[in-house]
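Quick heads-up: structures coming right below.
Across the two complexes that follow, subunit A remains constant while its partner is subunit B and subsequently subunit C.
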Partner chain A sequence: MISTIITMVRKELTDAARDKRSVMAGLYYAIGAPLMMCGMFMLLIGQITSPEALNITISHSERAPDLVKFLASNEISQGDDADRKQIELIISEDYASNMANSLPAEITLIADNSNEKLQSSIRRLEKSLQVYSAEMGSLRLIARGIDPKVVQPLKVVVEDQATSDSKGGMILGVAIFMMVYAVFISGMNLAIDTSAGERERNSLALLLSHPVSTRDIVLAKIAAVTIFAMVGLILTLVISKIAYGFVPWQELGFSVNITPDFIALMLVIGLPISLMAAALQLFVSFMAKSFKEAQSYLTIVLIVPMMLSMAASYNIAPDTLQWLPISGQMQALIAFIKGQEIPMLQLALSSTTTVAIAIVLAFGMERSLKSEKIVFGL
Partner chain B sequence: MLHGKVNHMGNNPSNKISLKQLGALMIPAAAGLLLFSQPTWANTDNTSTAESCYVEGLSDRLRCGSVSVPENYNLPDSKQIQVHYVILPAIKPSFPSEALLAIAGGPGQSAIENAPGFDKIFSKVRQHRDILLIDQRGTGQSNLLECTGEGFEGALSINDSDVDIGAESQACLDGIDADVTQYGSNTALKDFEAVREHIGYQKLHLYGISYGSRMAQLYMRQYPQALSTVTIDGVVPMQQSVLHIGDAISRALDLLLQDCQNNTLCQQQFPQLATDFAQVNDRLSQGPAISQTRDPLTSEPTQLTMTQAKFMGAVRMALYMPNVRALIPHAINQAAQDNFQPIMGLYALTINSTGIAAGMHAAVVCGEDWQRFSSEERQQAEQGYFGREMLKVFDQSCPIWNIPAVDSDFSAPIDSAIPTLVLSGELDPATPPSWGEMAMEKLSNAKHFVAPYATHGVAYQSCGNDLIAQLVSQGKVDELSDECLNKDVRRNFYLNASTVEAIPQKTDDSVPASAQGADHD
Partner chain C sequence: MIKVSNLSKRIGDVQALNDLSFEALDGQITGLLGPNGAGKTTCLRTVFGLLKPDNGHAEIDGIDVAQNPVAAKQQLGLFPDPFGLYERLTPREYISYFAELNGLSRKDAKNAAASVLGKLHMNDIADRKCKGFSQGQRMKTALAQAIVHEPTNIILDEPTRGLDVMSTRVLRDLLKDLKDAGHCVLFSSHVMQEVAALCDQVIVMAEGKVVAVGSPEQLCQQTGKTSLEDAFIELIGTDEGIAA
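For the complex of A and B:
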C-alpha cells in the first residue's frame, strides 16, 4: 500500500512539474514576498533614520529670532518655497514682550493633522518647540535662584526587559505571518490542478477506475500538495534568512535574526499546517465543479486561516487564539523569537487540532470520491 | 578639575547613584596565575562574563560584570579590588570582537554613571559594536575613593575660605581604606587592559573625554596593538600639567565677554559687562556678600554667603554648558547690582553635580600634575585667579596625599600612527584648542578639528559624534571633514531673567523693537 502511494505521489509530482510555468507561479509568492517586504522596510528605515531638512512657513520670523535659530539648528526652517510643507508657524505680535515679562508667548501652529504625509513632521516640530520651551523654563528658574529639579517631581526609572532581538518581534510577527501564508499559497495551484483540474481533463475518473483504493488516491494527493507547500516554506525561509540580513534593522534599534533554530522550529510546526492546508484545499477543490470555481472558493476559504494567523501577529484576543489551530502555532513561534518560553501545551493542542482537521477532511474526501456527483462534477 | 561632562540641566537632573543592581562576579584570584609585571588578567575561568543589569537613565538591558585585579600590581598576591564594567550591547553585533571603550573625565568621574550620555552620543556606533564602560579604579563602583562627609548641606551658607583644606584632606585620607598611591593613570590602564582581555575583545576603539583623553593617550603608548582607532575630545596633552587649566578658564571667560560685546542685543543690555564682572570680583575678594535667601531646592530660609570662590566657580561651571552659558551675562549684571539670585541658581547647579571621587582625583593630580609643575609655570599660573586658587588647594592637599611623582617620560608626547581624531571646542573652559594642537605633535595619522561653537566635549554638542561613528566604521581619518562642525548653532544671551529676544521698549509705539533681533550677534 505504501509503495502504491509513493508511486502515485511520484505521478502527481511529475504531472505538476510538467507545467513548469504553473509550478513557478505557485512558488513566486514564496520567493517574492520576503524580498518585497525587505525592500519596503529598507525604504521605510531610510526615511525614518535620515530625517531630511523640514521646510515650513514661519510667519513673522523676525519676532522670535532666537526661536527661529534654534529650529534651524534642528534642521527646521523656511527653506525654498518649492519644497515647503503645508505647515505654518505664526509668531504672535506680542511674542517678544510676553517673553520679556515671563508671560506665555504665543505661537500658532497651523497644519492638517489628518494628513499622513505631515503627521511625523508636525510631531517633530512640536517636539522641538517643547524642548525649546523646557530649556527656557529651566533657565528662567535658575535665573530666579531655583533649582530646575523642583519642577520634576517624579522620576520614572524604566527597566525594559526587551532585548534587541525581542524588540524585532513585531516585524518578525509579520514575517511569520507571511511564511504561514506561503504554506497555503505554494500548494494551492497544485491542489486545484490535481482535483478540479484533473476532473476537467477527465483523468480523475480514469484514475479512480484503476485498482487502487480511494484512500490511497486521497493520501497521495495530500502528500503531493504537502510536499509543494513545504518546498514553498523552505524557499521562503531560505530567502528570508538571506534577505533580512541586508535590511539595516539596527538603525531602528533592534535586530531581526532568522536563526537556524527558528528555521528548524518553523519547519516542524509548518508540517501539520501544510497537511491541513493540503487537505483543506483539495477538499474545497473537489467540491467545486470547475477549475475556475475552485479558485474562487479557495480564495474565500483561505481567509479563515489567514484571519487566525493575522489575529495572532497583531495580538488580537491572544488568550483564546493560543488554543486554536494556526494562531496557536503562530503565537508559539512569536514567543520563541521574543526569547520567551514556548507554550508547549497550547502548541501541542493547536497542532493536534490541525492534524485532526486534516484527517477529517481526508475522510470527507475519501467518501465524496465514491459519489458520482463529485467524480463527474454533476 | 577637568570634569568630563557636567549634566546638561533639564535633561537628566541627577547623576548620582548609578546601578540598580550590579551583578558582580567575584572571581577569586588564584595565586600564581598573575604574573609579575604582567598586566593582563590571566584567568582561565571563563564560565560567564557578565550578567544582565540596568543603569539609571537607560531603560535597556545591559551586561555588567567585574574583574578582580591586585590593588598593587607589584604585589599580585596582596589585596584585590574589583573593577566593574558595563557593556551597552551592540544592536546588531556585526563586529563581536570589537568594542568602543568610552573613558570618562574628572579625574574621578564614573563612566558607568555617565552611561546615558555615552549611549546617546554613540547610538550610531552601538548599532554594530558594543560600547564598553569601565569604572576606573577609585571611581564609581570600582573601590570608590571618595571623601566621606563630603556633605553639601551647608553649601550656601559656608564660607569656603574658612575651610581648612589640609585638615579636610587628612580626614579624607584617614577615611579611605586603600593604598592611594596605586590609583594613578598608568595603574588604572592595566585594569582596562585586563577587562578587555577578560571579555575577549580583540580590538578597541577608544573615546576619551577630558581627563579620559589622558587615559586614551596612555593606552596608545602602552598597548597600541589592542587599538583600532582613537578619539580624544577636550584633550589633555601628555606634555603639560593639567594645572594650566587656570589660563584656559580665563580665556573662556574673555571669549564670553567678547561674544556679548559682539552681540548687538547683549551689548546694548549689558554695555558694562566686563566692568561689572571686575567690580563684583573685586568686591568679593574683600569679603563675602552675606544675605538671607531661600534654598534653591527646598525653599527653606537660609543664609547665602557669596564668596569669590563661589561666584567664580559658578561662572566657571556655567561656561561648560552652551545653554547655561547664555545666562552668565545676566547673572553677572545682577550680581553687580547686589542681586545674587541668578549666581546662586548657577551655583546650585554645580553642587554635587559632577560626581567626582575626590580621593581618586587627588591621587591622579598630585602624582601626575602637581609635582611636574615647574616654578616658572607656577609663577605664570599664579597671575590669574583660577590658577592661583587651584595651586593653593593642591599645595595644601598634595603633601598630605603624598603620591609619588610619575617618571619624567610620562610627559613625552604620544608617538603613534593609530588613526586618531582630536576634537577641541573653541569655547572650552578647560582644554582649549591649543592643547589639542599640542597632543598632535607626534601623531602621524591624526586630524585635529576645532568646533567653533562648542565648549568642553565636542561629541556632545555637535556632529562630533557622527565623525566618531564614521572613524570607527571606516577605520581611518582620511575622509573625515570638519564641515558640519562649523554649522552656526549660536543662540542669544538672556537679556533678563525671562527672555532671549529683544525686549520691546515700553515707550516705543511705532517700530517693533524685535526688528533688531535679526542681526544679533
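For the complex of A and C:
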C-alpha cells in the first residue's frame, strides 16, 4: 500500500513538474509576492519617516516673519495654491506690537473641525504654535532673569515600551499572511490538474480501473499537492529573507529579521496548513466538472482562509481568532516575531483542527471517488 | 474468465443493463457486439467496478468485483475508451507506472515495460512525451498499458476506432497472440468485419440484454443469413446504429 502511494506520488510530481502552468503558478507567487511586499514596505517607510509638507493659507504673513520662519522649519507653509489644505491662519494687525510689549499676540486659526481629513493637520499646526509660544515665553523669562523651569512644574517623561520588533509586528503580520497564503497558491494549479484535469483527460476512470484503492489515490494526490505547497512556501521564505534585507528598516528604528528559527517554526506550522489546503483544493476540484469550473470555485473558496489570516494580522477579534485554524497559527507566528511567548495551547488546538479538517475532507474525497457521478462527471 | 450474472443498471431514465448474463472463457476472444447505446460500455465499466449494478454481479476468475475490487482488478487489463493518456509522460514512464500500480516492483515494472514496448514495435516513440501522438501511437500506448502486467483477462472497449489498416493489424495480431497464450480477451465493438474475423464467441447485445450468443457461423446459421451483418440485423430487429 505504501509503495503504491509512493509510486503515485512520484508520478504526480513528475507529471506536475512538466506542467508549465502548475510550476509557473507556484513560482510567480513565491518570487513575485515577497518582492511586491518589499516595494510596499519601502514606500510605507518613506512615508512614515519624512512627514508630508503641510500647506495652509497664512494671511498677513508679513506681520510675523519669525513665526512664519519657525513654521516653515516644521514643513508648514503657504506652498502651492493647488494642494493647500482648508486651514487658514490669520495674523492680527497688532501682532508685532503686542509681541514687543509682552502682551498676548492674537492669531486666528480657521478650519472645519468636523472634517476628519483635516484633524491631524489641525493638531499638527496647533502643536507647532504651542511649541513656538512656549519658546517665546521661556525667552521672555530668561530676559527678566527668571529660570524658565519655574513655570514648568511638571516634567513628563514618556518611555516608549514598544520594543523595536513589536513596532514591526503590524507590518510583519502582513508579511506573514503573504507567506501563509503561498501554501494555498503554490499547490492550487496542481490540485486542479490532478483532479478535475485528470477527469477531463479521461485518465481518472483508467486509474480507478487499476487495482488501487480510492484511499491510496486520495492520499497520494494530497501528498503530491502538499509537497508542491511546501516547496512554494520554502521558496517564498528564501526570497523573503533576501528581499527584506534591502528594506531600510533602520529608518523606522527597528528591523524585521527572518531568522532561521522563524523559518523553522514557519515550516512546522505550515505543514498542517498545507495538508488542509491540499485536501480542500482537491475536494472542491473533484466536485467541479471541468478545469475551468474548478478554478472559479477555488477562487471563491480561498477567500475564507484569506479572511481568517487577514483578520489575524489586523487584530480583529483576537480572542476568538487565536483558537481557529489558520488565524490561530498566524497569531502564534506574529507573537514569535514580536518576541512574545508563543500561545502553545491555542497553536496546538488550531493546528489539530486544521489537520482534522484535512482528514474529514480526505474521507469525503474517498467516498466521492466511489460515486459514479463524480468519476464520470455525470 | 469473466462472468456476469443478471446485471441490471439504470442510469437516469435509461435502463442501460437489463438482466445481462454471459461468460467469456480463457483462451477465447469474445466479442460484445451491439448498436450504439446497447450498453456495451456500461457493461464493461460494471465489470471494472467503476459502476455499481443495481442487481446481479460480475466475477473475474471467480472473484466478485463488488466484494473484492482490488484482487479482481489485478486479474484485469483495460484498454479504455477514451484512452486516458498522461500527455506529459513518455510511453515508457506511462506503461511502467501502471505496471507498478499492478503490484510489480519498480525494477520489474521497468523490465516489463521495456519488453512490451519491444513487442509492440514502439521503441522509436518510447521516450517521447505522449503529447502530439497520432491515433495509432496512442492506441499502442494504451494497449501496452493493458497488457504490461500480463493479466489473465483483457478487456478492450471499441479497440479499432479511428485506426488505420496497419494499426488494426498490429492490434489483431496481438489479440490472437494473447488468445493463443491462454488469456481471456473480451472486446466490445460495432464493427462487423472486426468481430467476424477475430471472435470465437459473439455476444449480441441490444437495449441492455443479450439477444444471442454463439460463434459467427452459428449466428449466421441460426438466422439463415450468409453474413454476420445480416444476421446481426435480423437478431436485433433494426438496422439502427450500425457502422460499416
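Going forward, the second predicted complex is superposed on the first by the 279 of 378 C-alpha atoms of A that agree within 3 Å, B and C clash if a C-alpha of one lies under 4 Å from a C-alpha of the other, contacts with A are read in each partner's own complex, and residues count from 1 in each chain.
Here, a residue touches a chain if its C-beta (ideal position, glycine included) is under 8 Å from a C-beta of that chain, and two chains touch if they have at least 3 such contacts.
Note that this is a predicted model, so its numbers are computed, not measured.
In the superposition on chain A, A:L308 makes contact with neither subunit B nor subunit C.
Shared-chain residue A:G145: touches subunit B; no touch with subunit C. Looking at the shared chain after the overlay, A:M37 reaches neither subunit B nor subunit C. Contact with subunit C, but none with subunit B, is seen for A:T14 once the two complexes are overlaid on the shared chain.
Comparing subunit B with subunit C, more residues of subunit A are touched by B. In the superposed pair of complexes, A:R63 makes contact with subunit B only, with no contact to subunit C. Of the two partner chains placed by the overlay, only subunit C lies in contact with A:V212; subunit B stays clear of it. When the two structures are aligned on the shared chain, A:T4 is found in touch with subunit C, with no touch to subunit B. Residues common to the contacts of subunit A with subunit B and with subunit C across the two structures: none. Across the interface of their complex, subunit C is touched by residues 3-4, 7-8, 11, 14-15, 18-19, 201-213, 372, 375-376, 378 of subunit A. By the touch rule above, subunit A contacts subunit B in their complex via residues 62-67, 69-70, 73, 93, 95-97, 99-102, 134-150, 152, 155, 157-164, 248-251, 253-255. The residues of subunit C lying in touch with subunit A in their complex are 11, 45, 48-52, 69-74, 76, 78, 80, 82-89, 93, 97-98, 100-103, 106, 129, 145. Contact residues on subunit B toward subunit A in their complex (touch as defined above): 9-10, 13-14, 20, 54, 56, 59-61, 89-92, 127-128, 293-294, 296-297, 323-324, 326-327, 330-331, 340-342, 344-346, 348-349, 487-492, 494-504, 512-515, 517-518, 520.
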